[in-house]
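This is the structure I have questions about; it appears just below.
Should a chain be cited, it is by its letter among A, B, C, D, E and F, assigned in written order, with residues numbered from 1 in that chain.
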Amino acid sequence: MSEPFHQPVDAAVVPRFAGLSTFMRLPAVASAAGLDIALVGIPWDGGTTNRAGARHGPREMRNQSSLMRRVHHVSRVAPFSLANVADVGDVSVNPIDLLDGLARIEAGIAQIVEAGAIPLCAGGDHLTTLPVLRAVAKGRPVGLIHFDAHSDTNDAYFGGNRYTHGTPFRRAIEEGLLDPKRIVQIGIRGSIYDPDEHGWAREQGIRIVYMEEFVRRGPADVMAEAREIAGGQPTYVTFDIDCLDPSMAPGTGTPEIGGFTTREAQEMLRLLDGVDIVGADVVEVSPPFDLGGMTALAGATMMFEILCVMAGNLDRLREEAGGPA
Amino acid sequence: MSEPFHQPVDAAVVPRFAGLSTFMRLPAVASAAGLDIALVGIPWDGGTTNRAGARHGPREMRNQSSLMRRVHHVSRVAPFSLANVADVGDVSVNPIDLLDGLARIEAGIAQIVEAGAIPLCAGGDHLTTLPVLRAVAKGRPVGLIHFDAHSDTNDAYFGGNRYTHGTPFRRAIEEGLLDPKRIVQIGIRGSIYDPDEHGWAREQGIRIVYMEEFVRRGPADVMAEAREIAGGQPTYVTFDIDCLDPSMAPGTGTPEIGGFTTREAQEMLRLLDGVDIVGADVVEVSPPFDLGGMTALAGATMMFEILCVMAGNLDRLREEAGGPA
Amino acid sequence: MSEPFHQPVDAAVVPRFAGLSTFMRLPAVASAAGLDIALVGIPWDGGTTNRAGARHGPREMRNQSSLMRRVHHVSRVAPFSLANVADVGDVSVNPIDLLDGLARIEAGIAQIVEAGAIPLCAGGDHLTTLPVLRAVAKGRPVGLIHFDAHSDTNDAYFGGNRYTHGTPFRRAIEEGLLDPKRIVQIGIRGSIYDPDEHGWAREQGIRIVYMEEFVRRGPADVMAEAREIAGGQPTYVTFDIDCLDPSMAPGTGTPEIGGFTTREAQEMLRLLDGVDIVGADVVEVSPPFDLGGMTALAGATMMFEILCVMAGNLDRLREEAGGPA
Amino acid sequence: MSEPFHQPVDAAVVPRFAGLSTFMRLPAVASAAGLDIALVGIPWDGGTTNRAGARHGPREMRNQSSLMRRVHHVSRVAPFSLANVADVGDVSVNPIDLLDGLARIEAGIAQIVEAGAIPLCAGGDHLTTLPVLRAVAKGRPVGLIHFDAHSDTNDAYFGGNRYTHGTPFRRAIEEGLLDPKRIVQIGIRGSIYDPDEHGWAREQGIRIVYMEEFVRRGPADVMAEAREIAGGQPTYVTFDIDCLDPSMAPGTGTPEIGGFTTREAQEMLRLLDGVDIVGADVVEVSPPFDLGGMTALAGATMMFEILCVMAGNLDRLREEAGGPA
Amino acid sequence: MSEPFHQPVDAAVVPRFAGLSTFMRLPAVASAAGLDIALVGIPWDGGTTNRAGARHGPREMRNQSSLMRRVHHVSRVAPFSLANVADVGDVSVNPIDLLDGLARIEAGIAQIVEAGAIPLCAGGDHLTTLPVLRAVAKGRPVGLIHFDAHSDTNDAYFGGNRYTHGTPFRRAIEEGLLDPKRIVQIGIRGSIYDPDEHGWAREQGIRIVYMEEFVRRGPADVMAEAREIAGGQPTYVTFDIDCLDPSMAPGTGTPEIGGFTTREAQEMLRLLDGVDIVGADVVEVSPPFDLGGMTALAGATMMFEILCVMAGNLDRLREEAGGPA
Amino acid sequence: MSEPFHQPVDAAVVPRFAGLSTFMRLPAVASAAGLDIALVGIPWDGGTTNRAGARHGPREMRNQSSLMRRVHHVSRVAPFSLANVADVGDVSVNPIDLLDGLARIEAGIAQIVEAGAIPLCAGGDHLTTLPVLRAVAKGRPVGLIHFDAHSDTNDAYFGGNRYTHGTPFRRAIEEGLLDPKRIVQIGIRGSIYDPDEHGWAREQGIRIVYMEEFVRRGPADVMAEAREIAGGQPTYVTFDIDCLDPSMAPGTGTPEIGGFTTREAQEMLRLLDGVDIVGADVVEVSPPFDLGGMTALAGATMMFEILCVMAGNLDRLREEAGGPA
């Protein structure tokens, strides 16, 4: 059967441990031209205030993604048959100059967007989402569905530094990249700096679903609300791996006990079905702190979950537009 | 108090870290003669297509089983008082000749069966279940209660190779060892090769309970159906450790996030009570990928759970037959 | 804003990886004088019958507690604003003389109690709770809310040795330190030595909530009963880290699969609100068996949860008494 | 400056943790056409009789080779300026059929040889050297300079199996691929099966330099003899990572204490200068048993050492032939 | 070929990862009766003042000793053909009562000595050597060849405790078990408590060879002196694994950088040839601090080195006495 | 015996695992006033171009330094009796602003220098040495004895960034902090970017002793030359832990095989005796990449070696000046 799109290497022909390591064993391509969805690495953790290491995330998520197969067992979506997907490599970064790092990431993602592809990014720390949004939301603020233990809407650290992995969403709102009324943050938990730490976020209109509320309501109910907040408009999805419990994602810089199980997270991501996703990322996978690749495997699988939703949506749009690819 | 059967070494006399390492600190015996249940290792992973290592499983499950005590805290079953149980060592294997390996395993298990004991096996990869079934189900197909992330009913890999850890149950059905109408697979999940990957299995009559169905229904309901499928007839129980979540069983070759908790798995195994178990195994524990012995401890405890059910059943049969051991 | 009490180092000024390592980045003080709550380490595991290592627990819990912030995200309690809290260091111990070790620990905790502070202890194995109770419950038996996989009410090991980490609560009852009618043990599970192993405990009036009962009833219901058992009287809280599932707390000497999630444990600790806590501990964190500091992080966070409840209670008492803060 | 040949990615532009992982950050190419030296992975350990895992060796050696720079600091050889070198990926393998595996490896290497390139291979277990020799030494036996803890000239295992990682050089001599008079084995040590275990090897004329002789004589003297044995004729170089001390190469299947330091091994490889190397490999790097990538780093660096010698030799030949570079 | 003595399981028939784990894959026997040399475990670390864990040493040395083969590659000694050797299991211990622990160990070793066998012990911490000497040197002081980073001749710790792993040789001299004039300590290094810390030892006549002297003189010269000190009289050999460099033996309680290489240690042990060894041990292997089994492998190999010397000596005595066993 | 200076906690009273973790168990003091030598942490790795993590170095070197005792076993120097030494904590850093980070470190060290103490620093990456030199060498260039695998005299990375851990010594020379004629670099090795990579360094007059020259000449000869280069003038000593072999110091960002043994490094540091050391550091210990604390232990011991030389020198100066101690 000939497939119109890029296909992963067949694991019944080439074992999973063989061959160069790319996202989901897809071809590595030089540019996003012709792609519907571009898998891209952002190996940068310049915004990390405590335990660095997310710069190594893309390589290990590529390695662990070799365990992915072609079809989603619940939705039966076969993403590589519905959309043209490939690994476009890593964007250019700068590990020792924060502002230059941000500029390079923005430029790299902008190339993907300009080529007409949707970026599905493997971070990197959470500050990488800021330059991605600069590329993706240029000209019009987008919504945000945000899975995380932390709100990441702080203002400054260390004598006024405004760009850290604790501040990206405050900056993005200030820069007009996000519509705060269309932001939902799910899984927030852990001790905080100030009783009113999330006051600014709430004032902007951000909806914060603390872990305790999630436990009471369950994935389906919470995601129904999240889809409503996204409101059928262009939306970015960001998945900070520390939303998961540290037993399932130990390899991250700021672990908080009491997190999501992977089962809960997968159920929520599947319920993104129908959301108009203009870009997405999985961030804060930090291999130096990982145990046996467990966190990178979780991250790679979450990328696959998001990819299946994206590809299903694209396919539906194509059908509505009158026909297959 | 004198016990009629083999007893574990007393941990209030000999500490758990002392002495030779056997399953549950039982005596090592030369043959299964006189035993009701034989604990046996199958140190072989010749069917593994990706990450090998389950060959080291029996040794580490022995080591971790030193943490087991004598009595089940829920059922109050004291298996070593109800049945004669011992460690019969490992069957002979061949790490570099697949077909010879299968033959040796079958021969080793056949000796146990012929001695009148029920084998409770510590694998090894999942292909080891095939030769065990050849020994246990010789002459009459048995039922199967199968806990796993994967159906393991594929046909072939790598240019037509028919014996891998992804194919044992297709082979067993073809060989008349299993009655496909009496097979239930629980916990299946993870990306698949083909939208119809499980089509063959379903056509044979296998009942597949995906993880998502399990989450909706819960252990009690699912196991009620499983016992009904087993139908009071001779049944084999196979427990692939990758049915558990990788956070609880990282030491395995093909981890899939979103798995069972150990609590769920224990509840299901306890609900095997009353099933006519003619053999059982715990497979795919792979120490080179394990973290701190966590997977081997889970495997050893699952063996203890199955053992308690087996021993309880044997005791009931004895009582029905009119008398004590 | 000037704070009347000791405050943690500010992580927006001094990164979490910098500076000497104390509990929750609080000042290290020479004595408990002037404190409301004393965080204290008990680096001792002389009662451990299998895998030692809890002697290293306090150091690693200090290290991991650097991730704590100042305010509880659910109760909004800011413990360091409501109570004077500091790190008083470790009590004196003796790693090679069991009875002298017990005496030194008792003396160290007695100094804290005499200074008018409530001790919140980081063990150490569970035998350390015995000398702590000797200091805290001198003269009047207290109640006990006890989270654990094991009842720890055995009598003797190894030829009559009466002081091990499996016996502290039998000794404490015998010594009149605990009122057995006001003891509740939650999370008990795992294979046992004898069908009637918990018979002595039940005869004394101890209420044992096995894990299976907990799963059926849930945290809120169980803790309602626990608070009733405590009965508004002085109560000690002891949290053996092995009550958690080994996937979340692998670094402990006697792991038992099928344990609490951290989410469940946190919910229960928060429901201690209102209990008259005269002392508390988190024990059996064993760094040599830990994975990536995961267990020490769980232990440190549980200390923070208990601290917030303690501080909230103190504040309420002060308010009732008409006082400051 | 424009380079005529493939160049590694510049680490002052792209950090070492960024980009797809290839050998020494060279381009991945589809075939060996046009190359002087082909870096190739052989992800196969089908001949391993104890601890498997060398199948994962190529991926991790690629990862660790990202630490290599362009120029040898002693010889000042810049291999990528003297020879056209690239990463041709992995040969096809079969993890579950030994004989098919051998055939596929031979075919893969034959393509490289036929394209006119010299293969520099990353194993895989030591049995992979046999099919490589079948491709490289077709029609004329070659010499062998062999660094190893083990002679690997046994005859059979497990009931007559003749192809394991303990037998490749006996098979290669029997098949006429190696001239036993031109074989030298260096570093042999560790307990042996039989007092005359190396008798067959010595009868063939193989020169065995035990570790103890090496310690007495030193690298320079031993390598002078080795070069003499090679005799200016075509010679294969095989480097089993277990020749190194386990403290420097823990990630291997059959460690033997008392091995070479990396310093000694590097000195010996540099003294291969002038040897007519027709192929080479670094084998038995087993990532599941590695610690922090240490063994893969040693393996990758040894590949770089061999590469520099190969490239220097090619350059000399070209100069003698009057050509470019 | 029929062997008169116990033989290891053949690794060309049973793979090294298969079967119950005993020292060097020898039979496990119930008593030392009929043995020439008894391999025995002493799983006890009750004298450890800092990092415990050597209690787990025997189990892991058994596991790693599965890599041993039958014949020494340098001396060509085949110990299992020259002497009757077996694994007699572990002596009884008491992990929570120091003095009872010492008494049990002495009793266990005394049984071996009384059966006429020489004990070759796997510790355990270094205090275990004291009760072994009480059994072995009863009635006549013996000499001591002692490889270690520490002299272990301190007097007391923690308020006068006289039995720790830092005091065994002072106690043994005081008890008349060792002739201090026939003691040599080799490899001593690392910071010390007092400028005259070794003064007491020197006053007794102990010869201390610091690491720096060893580096200057080399193994052969130092061992010539050691053999002279032993003086052809009954001598005990004790090998504290921390004499090795921590890179080669990280799994120990008191590591000191700058230690022996395994190559140096092996050379020294081989030079024990001819010493009248009445008992020996390898101690302080601490698996919880080990990395990949490296330390246990070193320990097991050192046991094999000592065993080969012991067996060679026994054989020589037999020959002198006129014939084989 | 009363000591005039700060003393470490006595390990025969307080076990090594107990108490707050400071350098060598010395008191933590608020400032360097009154100290002769200040032990100070620099938790910063803002100049790291590949694998970050040295920011965590001070904490782990403090932890491992708990194994140090009071007296040097070769020189018999008792540093805490000869000089007033304490732990002054960590300097202020900024993990996300490189230039601010450099300024803070300089300010922190300047306080120590102005207080009249000599700083002995625990890094941190090698760029931290630049601001230390700015504080220590203000006004007069000093000499440098530099142990390292890398020359660290590169010019720029990533589009002209001039401050990375590959450039500190070029910057220091340009800033007039170092006299290039009095610089010796020992242990340089590993592949390089350019055949003339060290050309600039040599042109300035820096003496580079490659590892190969060191192996030929040995520690004594090389250090005789180094002392001559230092020339009795004020000299800074910098010890990059990656000068050690990765088997002995795996926890570092840029490992190079073929390094110093710890024995060689210790011998060299002892031969600093008599050098006028105005400051020193041990850098590039990176705990996230460490194995079992091995690298931090090596780093802490090297600090102790340097401290003993410093204290011996101070004592000699005092004696020459006719003063106390």
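Basically, a residue touches a chain if its C-beta (ideal position, glycine included) is under 8 Å from a C-beta of that chain, and two chains touch if they have at least 3 such contacts.
Chains and their UniProt names: A, B, C, D, E, F = Agmatinase.
Note that this is a predicted model, so its numbers are computed, not measured.
A.B. asks: Taking contact as defined at the start, I'd like the list of chains shared as neighbours by chain B and chain D.
C.D. replies: For chain B paired with chain D, the chains in contact with each are A, E, in label order.
A.B. asks: Expressed in steps between touching chains, what is the minimal separation of chain D and chain E?
C.D. replies: 1
A.B. asks: With a Cα-based fit, what is the angle in degrees between chain A and its identical partner chain B, given to the nearest 5?
C.D. replies: In degrees, rounded to 5: 120.
A.B. asks: Among all chains, whose Cα centre is located farthest from the one for chain D?
C.D. replies: Farthest chain from chain D, going by C-alpha centroids: C.
A.B. asks: Averaged over CA atoms, how far is the centre of chain B from the centre of chain C? Could you give it in whole Å?
C.D. replies: So the centroids are 38 Å from each other.
A.B. asks: Starting from the mean Cα coordinates of chain A and chain E, work out the distance between those two points in Å.
C.D. replies: Taking the average C-alpha coordinate of chain A and of chain E, the gap between them is 56 Å.
A.B. asks: I need the residues of chain B touching at least two other chains; which ones are they?
C.D. replies: Each of 13, 15, 17, 49-51, 55-56, 95, 157-159, 245, 247, 289, 291 in chain B touches at least two other chains.
A.B. asks: By the touch definition up top, name every chain pair that qualifies.
C.D. replies: A-B, A-C, A-D, A-F, B-C, B-D, B-E, C-E, C-F, D-E, D-F, E-F
A.B. asks: Could you pull out which chain E residues touch chain C in their complex?
C.D. replies: Residues of chain E touching chain C: 45-53, 55-56, 94-98, 100, 157-159, 161, 163-164, 288-289.
A.B. asks: Show which residues of chain B lie in contact with chain C when the two form their complex.
C.D. replies: Where chain B meets chain C, its residues are 11-13, 15-17, 67-74, 76, 78, 245, 247-248, 261-263, 266, 291-292, 294, 297-298, 301, 304.
A.B. asks: Residues of chain B touching chain E in their complex?
C.D. replies: Contact set of chain B toward chain E: 13-15, 17-22, 28, 41, 43, 55-56, 58-59, 62-63, 87, 89-90, 92-93, 95.
A.B. asks: Touching chain F in the complex: which residues of chain E?
C.D. replies: 49-51, 156-159, 188-195, 197, 210-212, 215, 245-247, 250-251, 254-259, 289-291
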